[in-house]
Structures are given as C-alpha cells and as structure tokens.
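The data blocks that follow each hold one structure.
Look for chain A in each of the two complexes below; its partner is chain B in the first and chain C in the second.
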Partner chain A sequence: MKRKVMSLLLVCCMLLSCLAGCGKQTVDQPTDATKATDAPKATDAPTEAVPAEPITITIASKGLGNLFPESDEANWFRQVLFEKTNVWVDLIPIDDYYTALNVQLTGGQAPDFFPVDYDHMKEYADQGLIQPINQYKESFAPMLEWLGEEYDNFVLYVEDEMYAFPRAEANSDLYELYFIRQDVLDHYGMEMPKTIDEFFDFCQKSVQDDVTGLQTIGIGAKKFAGYNMIAGTYGVMLGNYVVIKDGKVTNTLLDTNMKDALTAVKKFQDANLVSPNIWDAGTAVVEMRKGQTVAGSAPWSNLLKQAYIDVLHAVNPDAEWGYIPAFESNVEGVETVVAFYDYNSNSGEKFAVNAETSEEKINAFIKVLNYIATDEGKMLTWLGVQGTHWDYDANGNAVVLEGQADAINYTSNYQFAGRNDDEYLAVKFPEAAEANEFRTHYNRLLKYNNVLDVPADLYLEDMETYVQDQLIAFIQGERPIEEYDAFVQELYDIYNFGAYMDLAAEQLTDMGLAK
Partner chain B sequence: MVKKNKEHKLGEEKRKFNPVFDTLVYAILIGVLLITILPVMYVVAVSLTPYTEIARNQGIVLFPKDITFEAYEVIFGKKDFWNGMKITIEVTVFGTIANLIVTTLFAYPLSRKGLPGKSFITKLVMFTMIFSAGTIPTYLVVKGTGLLNTMGAYIVPGLVGVSNLIIMKAFFENLPEDIFDAARIDGCGEFKVLTHIVLPMSVPIMLTIGMYYMVSHWNTYMAAVLYVTDQDLQPMQVILRRLLESSTAEVSVDVVVPTETMRMAAVCFATLPIVVVYPFIQKYFVKGTLAGAVKG
Partner chain C sequence: MSVASITPKKSSWGKCKKALFKWWPLYLMMLPGLVYLIVYKYVPMAGTIIAFKNYRVKVGIWGSPWADPWYKHFMDFFKSPANVQIIKNTITLSIGKLLIGLIPSLIFALAISECRNKPFVRVVQTVSYLPHFLSWVVIYGISQTMLSMNTGVVNRFLVSIGLESIPFLSSNDVIQGTLIGTDLWKGLGWGSITFLAAIIGIDKELYDAAEVDGCGRFRRIWHITLPCIRRIFIVLLVLKLGTVLDAGFNQVYVFMNERVNRSAEIIDTWVYTRGIGKMNYSLSTAVGLMKSVIASVLVIGTNKLARKWDSAIW
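After this line comes the complex of A and B, so read on.
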C-alpha cells in the first residue's frame, strides 16, 4: 500500500513538472519582464513629466567591434553624451541579429530603437511592431538639415507613414581600390601598368619568380572583384547588373563585349595568376595583408589601416602598396569601368522605433540625434573630446592625439544619424588620405539592382547563383565561351529573365531615369 | 579468471591469423588520430607563434620555432573574456548539478516496474523530444517565468534532456531487481533505495550524462542570444564568437580585425578547461553509454 501511495505521488510530481511550463503566470507574481511590458505607455503618461529627470534609452547594435569598452564606467562617450543631453544611451549588442530581434519583438522585450533594413521595416510595420514617427518630423528637423533633405526619401516610408529616422550611410562600394605592390614594380624597374597586357606581364613575372618568397599570388580579391579588374576594360562587370546605357535599360550579361571580357579574364585564370581563395571572404584578404599577393582589388579599409600596414611590414619591411589607375579600354568608344556602385546607396539599415517605446524616450533619442548633428556632437562621434582625444594642429586640421586612437575607435557605434563619409575618413584615417583621394577618380559602373522589384515567379537568388556558376565555368574552361549566347538564352527560358528586364525597364522609366 | 584467459586466447588468435587486417586497422586508426589531432595542434601552435612566422609559412604552423605568449597576454588582460569564462563556469557547474538531480529524480521512478501510467508519461516525454515548442513559444515561457536576463535562463529551460533521461532510465532498469528487494526487506524506502543503493551503483552513468550536460552548458550560445541582453551575463561562447566573427564578416570601417594568432589564442583559452576535465571522466564514458544503451 505504502509503495502504491509513493508511486502515485511520484507520478503526480512528474506530471506537474511536465506541465509546469504550460501554466499561466499568476497576477500576484509580477516579474521584471512583465513590469516592463505593463509600464504605462506614452499616451497615458503626462507628456511634460519632470523634463530635467535623466532618461535612459536602449538602442540595439548589430556589433560593437572588438574595441568597445568593457564596462559602462570605462565608456567615456556614454558619460559625455549624458552630460550634453541628459540621456543615458545604452547600446545593446545583439548577436544573430534578426533571429534574436524577431524573438525579442514578439516577446515585447526589444530595445527602444533598433536598426532595420527596408524589408524588415515593412514587415515590422505591417505587424505593428514598430511605430510611425511622422509627428516627430519637426523635432528632428535640425538633424535632417545637417544631413540634407535628400535623406528623407522612400526608404523610410511604408504607405506614406515614416517608420525610420533618416541616416546618411557610408557607401562602402566606393571604397574599392585597385592595388599593386609598388616595391615589386620598383624591383623589376617597371612602370605602372597601363594596359591589361602589361598587367598580365607584371603578374606573371612576379608569380614565376616568386618575388615575395611567400608562394606569390598575382591577383587577390573577393569573389569576382579580381576578374572585374580585367573585365572592366571591356566596359562590363561580371554578374547580373542592371544598368542604363545610352538611356536604355540593359544588363551587363547582355553586353556584346561580354565574350571578349570573359576571354581576357580566362587568360589570367589559365596562367594561374588569380588567388584560388577568392571565394573565401577572409583568406584572400589575409593573403594581401601579409604581402603574398602583388596586386588586387579590395576596399582601402581592408589594407591601409595602420594595423594592417604594420602586419605587412612585419613580414616584409620594404613592402609598399601603390594604386592602379584605370587600365586603358580594350574597346573603342567604351570607357573602362572600375568596380561598381548602387544607385540608391543609402538603402541600408535605419533606426526604427519599437511600438512600445514611450514618447518621452523618442524625444530623448531625437535630442541625441540633434546633438550629434551639431559641430560639437559630430566631432565627438568622430574623434572624441577636444583636448583629450584630438586637437587642431598648426594648420587648423583636426588630429588625433598620440596614444588616443584606440580610445576613440568605438565612437562610430554612436553615429545614429550617419556621417558625411568623405569628411569623416579624411579626419579619422589620415594615413589613407592619398588612397581615398585616388579612388574618387575612378569611373565606376552604376547599377540599379537594389531599387528594382522582382517578378513574382522569378527566384532572383537562384538565377544569380546560376549566373555565377556559369561565369566561373566559362572562366575556368569548363564550358566553352562560344556557348555564352546559349547561356543567356537559358536565363530567358529557365529563369524568366525577360520579365525581369521588362519590369526593370518599366520601373526605371517611371522613375525618369531611362527612356 | 577463466574468462580472462579465454579473452587472451581469442586476442592471440586474431593477431596470428590477420596480420594484414591488423596493420590496416592500425593504419586507419593512425589516420583518424592525425585527422583528429592535427587541427588541435594547429590551433595551439598558431596561438603561440608570432604572426610574422605564420605569414611566412603560408598560415600553416604545427611546431612553432619562436614561441610567444603575446596573444594570451592580451586576452588575459581583457575583462570581458574573464567575465565570460566566469559565467560559463558557473552555468556549467550549477547547471550540470541541477540537471543530474532533476534527471535522476525523473528517470528513477520511470524505471520502476510498478509505476502507474509509466508508459504514458514516457511517451509524453518522448513527444517533447520529437516535437519541440519552437523558438518564440519557448521565449514566451522563459519570459513568463521571469527568467529573462538571469542565470536561470541558461539552466532551467534545459533542465531535463530527454535523450539523457532515456539513457539514465535504461541504466536504472538494468540494475538487478534482487538488490531492490533486499534493500526493501532491510527497511529502505524508495528515496533511501535511490540514494543509498542506486546512486552508488550509477557512477558511470552519472559521469557520462554529467559530461553530456557539461559540454552542452559549456557551449551555451543561443540561450544567451535569445534570453540575455545583460552584457555582464554573456557567456564565453558569445564573447568568442564576436571575436571570431569580426574576422570574416563585413565589418565597419572602424574595426580592426584581430590577427590569426589572437583568434586561435581565444579558442584555446575557451576550450582548455573542458579539455582538462575530460580525461578524468573518460574511463567511465564508454561504460556508462553502453550500460544505458542495452535497453531503450
């Protein structure tokens, strides 16, 4: 009998523990989590409640970088910003960003403000997870004036409601620069290559002689960027890029010079002059950083920061990067293009407002935005505190004080309104000033892909994967270049490429960009 | 004794008749050993090698010529690494103890023959293994129970691992019934039978299951991403991922990517404690797993 009673008790215990998670929380056991959700909303609260009271806002961050201070106490920027605005800004780093953000939003625990791309902004707006901010436009007018009215554009709106704060973003496409090892050129007594034939000779000689002593690689780059150094001399870039040529909407894949471009690229590939690691995002860059590669295409920020120059010089003290001007065109009447950039480069992530964020917190965020849009605030987010982290030199240029570079490296996390990138880079990275000036002279291909809609029956990602695979097959000789026309026909037959281009033409014409 | 001799004879016969086979087996085993050990050697060697030497050797170093502890000095100087390590150790120690207590208390009654509804409860538990609740419902439960931003968020949601429960239950079912009868005749109640008879006989399974739980706590990552935003409560794996991720992701122009040496030192730092513990438990590992695998 005793055993039976004991057994029944054990059964009950187990069932209760199994079902524990299904229970509804009782009203008399409030938790911090529910307290936060049940807090009175802005509309219920008196709007002018104790304005002098400090306020804390939370802002999601996709990553704080490896130099972010380890504690709030060590975060001098947070303290200074508070002194200027009476607002404590707490950055909340979120790993696996959209997965975690989706869960936190559904659970009512997301930060007050968070960066979102356009697709997620639309999704969250439809679900009522973020709130419109039209009524605050007057309040952040100073910040918008600083940015420029052009930043108040369609990427902030869903059905005429503004859901994100304007933000000027750095266009990293424009960072792409063609590099060449100046010390190797000097070693051979060669001039800067002007044509791709001269470039071929330079790369081939360097690889054959193993001039670096590190199993020299000719061209390093990320994905097609290395091949595009050569293809650009035919006026094309390898990939699905919608462009406007002579007022007409077209695609680089349809360009009549594409076959010649692929043939030229194949010559470099056949001679083993391109890094075998270009499809591995990190490795090809590391090869360049340590000076194993003698030329290539990369964002300046991947190679020219002092830390990377130090690595290069540690391996080879004489190594020095030079910059290649655009090679001469191989097609009469066609100008060489160097890499590409997007028509709407400002379509990245902007700060949206959690539906549960109070009016008081929104006003506090706007106060912060307006402050960092002042000259003082701008310099604070760029270089820190004048006299402590930076000062003006005899020529009136702002310079970082010795030993302060690491201390100001994390302030970019607070550039909520973005920045004028050219101005910023000139001040923050004087070591790359020459490169940053050099890259502005390139003729880059302007592509429109990121403002285009895609027909419902076209899986763009599938098509682009197929395009990439086939272009590689042409370059590596797995498919003869003579079959290029057949490949384009496959795009029409299999992927509905015609409907894609028709829709692109219609949209770009409607936007007044094409005839 | 007789059995031992027999085993010895069988072993001799095998060597006698299959020299080629044995050589092949050893060759395969050595191959497997190299495949297993080389990546570990690589990580340790790179973490101790100056970056310039790595660069000169095309990134491959197995026996460093010049040893440097520079990367470790930098990591040891980082407060968030130490804090992450502290959180991970706390979660691993307390979490594993809690797991073992609850799993034992759950598995033991389920292993007893006279338990009413035993089959139904077992199926109910199995159901949760096959059909999990999903990320958002689980998040809502964690939130509803007030565990967000607490150490409990790392421990409570995974308090009972169903597969571990099944293994432990099977182990208990294999214990000789006569011992239970003898204990009861001597006046032991169910709880005393568990604590004084069953647990002392269950060291292998406890250590095996404990090891499973321990490794899973050591690797805690998603729970931190989903349930904990407090930076002081972030475990080692999150801190480590941030460091490793920055080397491959499209990073901000302001971020300087750490060198290979630094990243490998971080991997060693994060792995070492669990590697040190493993040899002490290893001898029980096979015994415990096999014992639990006899019955399902």
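After this line comes the complex of A and C, so read on.
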C-alpha cells in the first residue's frame, strides 16, 4: 500500500512538471531581466525626490560591450538617468539580433523598444508587431528640435505612419579607413604608396622579408573590404551594389571595369598577400591588432582605440599605423572609390515601439529621449557626470578625468537619440582625432540597396550568396575571369537579375533619385 | 461443438480493462510519459497547419489566410535557384556523416572490446567521450587552432615537411570533408557506446568454443562479434536514416562563411535565414513538414528492408 501511495505521489509530481510549461505567460509578466532590476527599484529609488510612480522600460540592444556593469547596483548611469527622469531603463542584450528579436516578437516576449533598420521596420509594421507613434510627435518635439528637422524623414515612415523615433545614427560605413604600417614604410625608406602597383610592391616585400617576424600578412580586412582597396581604383566595389550613374540606375556588377578590377585583385591574391582569414570576421582583425599585418582596410574603431593601440605596442613598441590616401585611379575619367555607404547616411537603426507597449511606457521613453537631448543629458551619454568622470580643462574643452575611461565606456549604449558623430568622437576618442579627420576626405561609393523594397519571390539572398561565391571563385582562380560575362548572364537567366534591376530603377525613379 | 466455440470470447477492451486493473500502478507511472508526449510532441503537430497558410504573427494561426495555392510555401522552397545545391549538400553531408560516423564507431568499439589492458581502455574511453560534450562553437575554435591556413597546427606541420597548406575551413572543395571529419571526431567515442553494450551482451561461450576450434582474433570478430551485433547496427542505421535531411544545423551554421557557402549551405541553414530570419514561419514549417514526411518514408522503407534480415525495429 505504501509503495502504491508513493508511486501515486511520484506520478502526480511528474504530471505537474510535464504540464508546467502549458501555463500562459502574459506579456506584462516581468522577464528575468526585469525581475532582477526590481530589487534596486524598491530599495534605491529616491522616493522623496520624485513624487510620481517610477516606471521601468526595457530596451533591446545588439550588444552592450565588455565593460558594461555586471549588476544594476554597479551601473551608475542607470541610477543617474533614473534620478533625472524617474524612469528605470533596462537594456536587454540580444545576440544574433534580428533572428532572436523575431522569435521574441512572435512569442510576445520582446522588449518595449528595440532598434530596427528600415527593412525590418516595414516588415514589423506590416505584421502589426510595432505601433505607430504619430500621436506622440508633439511630446518628443524637443528631441527633434535638438536633432534637426532633417532627421524626420522617410526612413521613419510606412505608408505615412511614423513607426520609429528619429535618431542621428552614426554611419559606421563611413568609419572605414585604409591603414598601413608607418614603421614598416620607414624601415624600408619607402614613401606612402600612391598607386596599387606601389602598394603591391610594399606588401610583397614585407611578406617576403617577414618584416614583422610574426609570419607577416600583407592585407588584412573583414571579408571583401581588403579586395575593395584594389577594386576601388577601377571605380567599383565587389558585390551587388545598386548605384546611380549619370542619373541612370545600374549595378557595380554591370560595370565595364569589373573584369579589370577582378584581374588586379587576383594579382594580390595569387601573390598570397591577402590574409587567408578574412572570411572569419574576428581573426583578420586580431591579426591586424597584434601587428602581424602591414596594411588593410578596417573601421578606425577596430584599431585606434587606446586599448588596441596598447596591444599593438605590447607586441612591438615601434609599431605605428599610418593612413593611406585613396590610390590613384586606374581608369581615365573615373575617380577611385573607397568603400561604400548607404543612401541617406542616417538610414541606420531607429527605435521602434513594441505593439504591446503601454502608453505610459512610451511617454516614459519620450521623457528619457527629451532628457538626453538636452546639453546636460548629451554630456551624460557622452562622458558621464561632470566632476566625477569628466571636466573642462583650462581651454574650456571637455576632457575625461584620469582613470575614468573604463567607467564611461558603456554610456554609448544609452544614446537613444543618436549623436553628432564628429563632435562626439573628437571629445571621446582624442587618440583617433587625426584618423577621423583623414577619413572624411575619401570618395566613397554611394549605394541604394537599403531603400529598395524587394519581394521575396526574387530570392535576393540566394542571388547575393551566388554573387559572393562567384566573385571569390574569380579572385581565387577557380573560375576564369574571361567567364565574367557568362556569370552575369547566369544572374539574368537563373536569378531574375533583370527583374531586380527593373524594380530598382522603378523605385529609385519614383523616389526622384534617378531619371 | 467444440469447447472453444461455446466459451464467450473476451473482447480486446475487456482484456485491456483487466490488464489496466491488474497493473494499474505501472500504467499510472506510464501516464506522465504519455502526457509529456501528447503535450509536447503531438499537440504542436497541429501547428504544421501554418505550412498551408500565410501565417501572420499578430492574427495568429486561425486568423491567418490560407495560402493560395495551398502548396505555395512548398513551391517557394523548390523555386529557389539555390535549392538543387542545398539539397545536394544536405544529402552529401548526411550520408557522409552516417556512413563515416557509424563504421569508425563500430571499429572503435571492436578495438576497445578486444583490448585486454583495462586501465588503458578506461582512459581511452573517457578521452573519446569528452568531445561529445563540447559545443560546436568550442569545436570551431579548436578547429581554427588546428586547421587555420597560416597559423593552424596541421598546416604548419604540412608546410614544415614541404607540403602545401590545405584550406580546411575556407575552401568549397574541402569544407564538406572538414564537416564530416569534425563530426566524426566529436561523435566517435559516444557513438561506440551502443556497439560496446551489444558486444558485452554476446555469450562468452561462443568465443570459448571458437577458440577451441582454433579461431584467431580476427576470425572470432568476423564469425561471432559482427553477426551478433548486426541487428543493433541495422537498428541504428534505420534510426539515423530518420534524420538524413538533418545534416547538423548547429555545426554547419558555425562553420559557414561566404567562402564556403556553396558547399556548406544545407536545408536547415537556408530555412533559418530565409524563414525564421525573415519571419516567414510558413516557409520554415513547410520545409520542416516536407523533411518529416521524407524521413518517415525512409524509416518505414528501411525497416521493411531490415525485416528481410530479421532485424526490423517493429
């Protein structure tokens, strides 16, 4: 009898545990992250100073950085922002961002606000997963005034409904810079290369001599960026880039100089001057940081922050990065292009509002936006608290106080309204001031892919995968460059390239950008 | 009139009731397992209906309109210009992993069972099981250290003996071999457990008799061990065929990059990026459903075939 009772109890326990997952979790139920932040809300909230009921909002973030505080108690920014706005802002880091966000939105578990690009904003608006914010426009007028009216543009709208808050998004495409090891140039007594032939000689000599003593690599970069250093001298970038030339919509893949560009790129590849690890996003950058690579293309922020310069100097105290001006063009009448950037440089990610987010929370977020759009709020998101983290020097310039650089490292996560990038970088990263000024002189390729609305039945991703694969095949010599025209024909025949370009022409003409 | 004809025949429901009453504690203990299966495995099957609808998150399954035509999302997969290549990649990797995964595990199990140095066997077994517990992200990190073109241990060795580096992780020609090889390394020890269990269960007297008859070690393996574990080999083969269209999403997703997309992209990674990544859940479900139907046909077919050798699962 005793055994039967025991088995009965055991069965009940197992049944309950089986069915535990069937309970419906309501959207308003706090997530683990929210629960964790409830503790300081109860204990730390300065209830006397702020009479209104505090409110907690959750905001998605693609990544918080290595120096983000591990606990809310250690997060001085969160506390200060609360004291100023009466709003607890909880940042929710999301890896593999859009896929995870899709799943969270589907499951009703997404944060209250999340950054989205134009494509995803249209998709989410179409699915009813985000809510329009037209009626709040007056509430965030101070923030918009601070930003400038030009930031209230088409990338925030879907069919006349505003779905995202304006934001002065830093365009990381414009961060791309061509680097060269100045100490190696000096070692050889060479001048800064002006043509890709001189650049080839420099890379080849460095690799042959193993000038760094670390199994020297010629060119480092992420993915196609290294090859584009050379292709750019023919006025093209390697990939499916929709551009406008003489008022007509075209594609870099159709450029008559593409074959010559591929031939020039192949010469570097055949001489083993390009890092074999460029396809692995992290490895090639690490090679550059430790000084194994003598030249390359990378965003300045990947190499010139003080921490990375320290790594470089730990390996070789004499190592020094120099910056390459655009190489001379190889085609008469065509200007060299350096990397590319999207049409409407402010087309990056803006904050959209979860369809489930309450009006109270939206108003709380607007309160935060309006605060960080004041001079005080701006400096808080740039450099922290005056007197604690930064102060003005004798010349009236804001400078970070000694030993505070790590403490303010993560404040950029809270720049929900964006920033004036040039002004911000000059103040926060004085070590990269020269590089940031240098990169503004590049002539970059303007592409329009980001504003195109491409239907799923054109299988754009499949075409882009094929394009990348075949461009690599040409560069690696797996397919002769003489077959380039046949490759383009394959795009037309198999991948609907004609329909894609017709659609691009139609949409860009409708937008008044092309004839 | 025979006795049998006048005895009232017990209905199967009656038999069932009797068994239920007699063994009720056992049936009761079976209940949570049944509930688990029904709640988590059978009820969600109803969700496959979205393969035939244009599923929209906000309006839910029932509010979403039916696809027109009903097989639209199945066709979306087959109309993709990349589908031939990814189906080919999926089958090549699956068959490769199946064959190259099962046979070395069998050989490894035979070697372990024949080794008489027990402490050595224990160490080898433990070491061989360890990779099974590593995630693919960790294994990719190890692979980079070992197989990278310029800094990998293997390639540095090859170069040091005058050979050329092999782009294990960055060549369309080699990546499938790398994927199969790393899968083998990860699963070799773990995969041998079933075979070892089967070998241990073989009657020792058979070996003694064979020894008396003058059989050497290889003859004993050939005439006793292999025939005795044939059934378990076929059972594993049947079960593995059920996953023949799952070429290992986690592994492939970690190892994939632009350089090797052509040879590495499989159905699951394609569905992940085009389906889940684009909120096209109907497409994901349609492809998942199609895979399940094909896998069921394969399992049933192989089981029928296995019946010829008296090794069927059911």
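Here is the rule we use: the second predicted complex is superposed on the first by the 418 of 515 C-alpha atoms of A that agree within 3 Å, B and C clash if a C-alpha of one lies under 4 Å from a C-alpha of the other, contacts with A are read in each partner's own complex, and residues count from 1 in each chain.
Criterion: a contact is a pair of C-beta atoms (placed from the backbone, for glycine too) under 8 Å apart; a residue touches a chain by one contact, two chains touch by 3 or more.
Keep in mind the model is a prediction, meaning the values are calculated, not measured.
Counting the residues of chain A that each partner touches, chain B and chain C differ, and the larger count belongs to B. Once chain A of one complex is fitted onto chain A of the other, the partner contacts of A:Pro480 are absent, as it touches neither chain B nor chain C. When the shared chain is aligned, chain C comes close enough to touch A:Leu129, but chain B does not.
By the touch criterion defined above, A:Val103 lies against chain B and chain C together after alignment on the C-alpha atoms of chain A. Contacts of A:Gly148 after superposition on the shared chain: neither chain B nor chain C is touched.
When both complexes are overlaid on chain A, the residue A:Ala355 reaches chain C alone and has no touch with chain B.
In the superposition on chain A, contact of A:Gln468 is made with chain C only, not with chain B.
In the superposition on chain A, A:Ile494 contacts chain C only, with no contact to chain B. By the document's definition of touching, both partners, chain B and chain C, reach A:Gln215. On chain A, the surface patch touched by chain B in one complex and by chain C in the other comprises residues 3-4, 7-8, 10-11, 14-15, 17-18, 21, 99, 102-103, 106, 215.
Looking at the complex, you find that chain C touches chain A at residues 25, 28-29, 31-32, 35-36, 39-40, 56-59, 76, 79-82, 144, 148-151, 165, 167, 169-170, 172, 257-262, 265, 272-274, 276-281. By the touch criterion stated above, chain A contacts chain C in their complex at residues 3-4, 7-8, 10-11, 14-15, 17-19, 21-22, 98-99, 102-103, 105-106, 123, 127-129, 215, 217, 223, 275-277, 279-280, 283, 355, 456-457, 459, 461-463, 465-466, 468-469, 472, 478, 494-495.
For chain A in complex with chain B, the touching residues are 3-4, 6-8, 10-11, 14-15, 17-18, 21, 24-25, 29, 31-34, 63-67, 70-71, 92-96, 99-100, 102-104, 106-109, 111, 170, 172, 175, 213-215, 281-282, 286, 290-292, 301, 305, 307-308, 311, 314-315, 409-410, 412, 425, 428-429. Residues 51-52, 55-56, 58-59, 78-80, 83, 102, 106, 109-110, 112, 114-117, 121, 124-125, 135-136, 139-141, 143-146, 148-149, 189-190, 222, 224-226, 229, 231, 238, 241-243, 245-256, 258-260 of chain B are the ones touching chain A in the complex.
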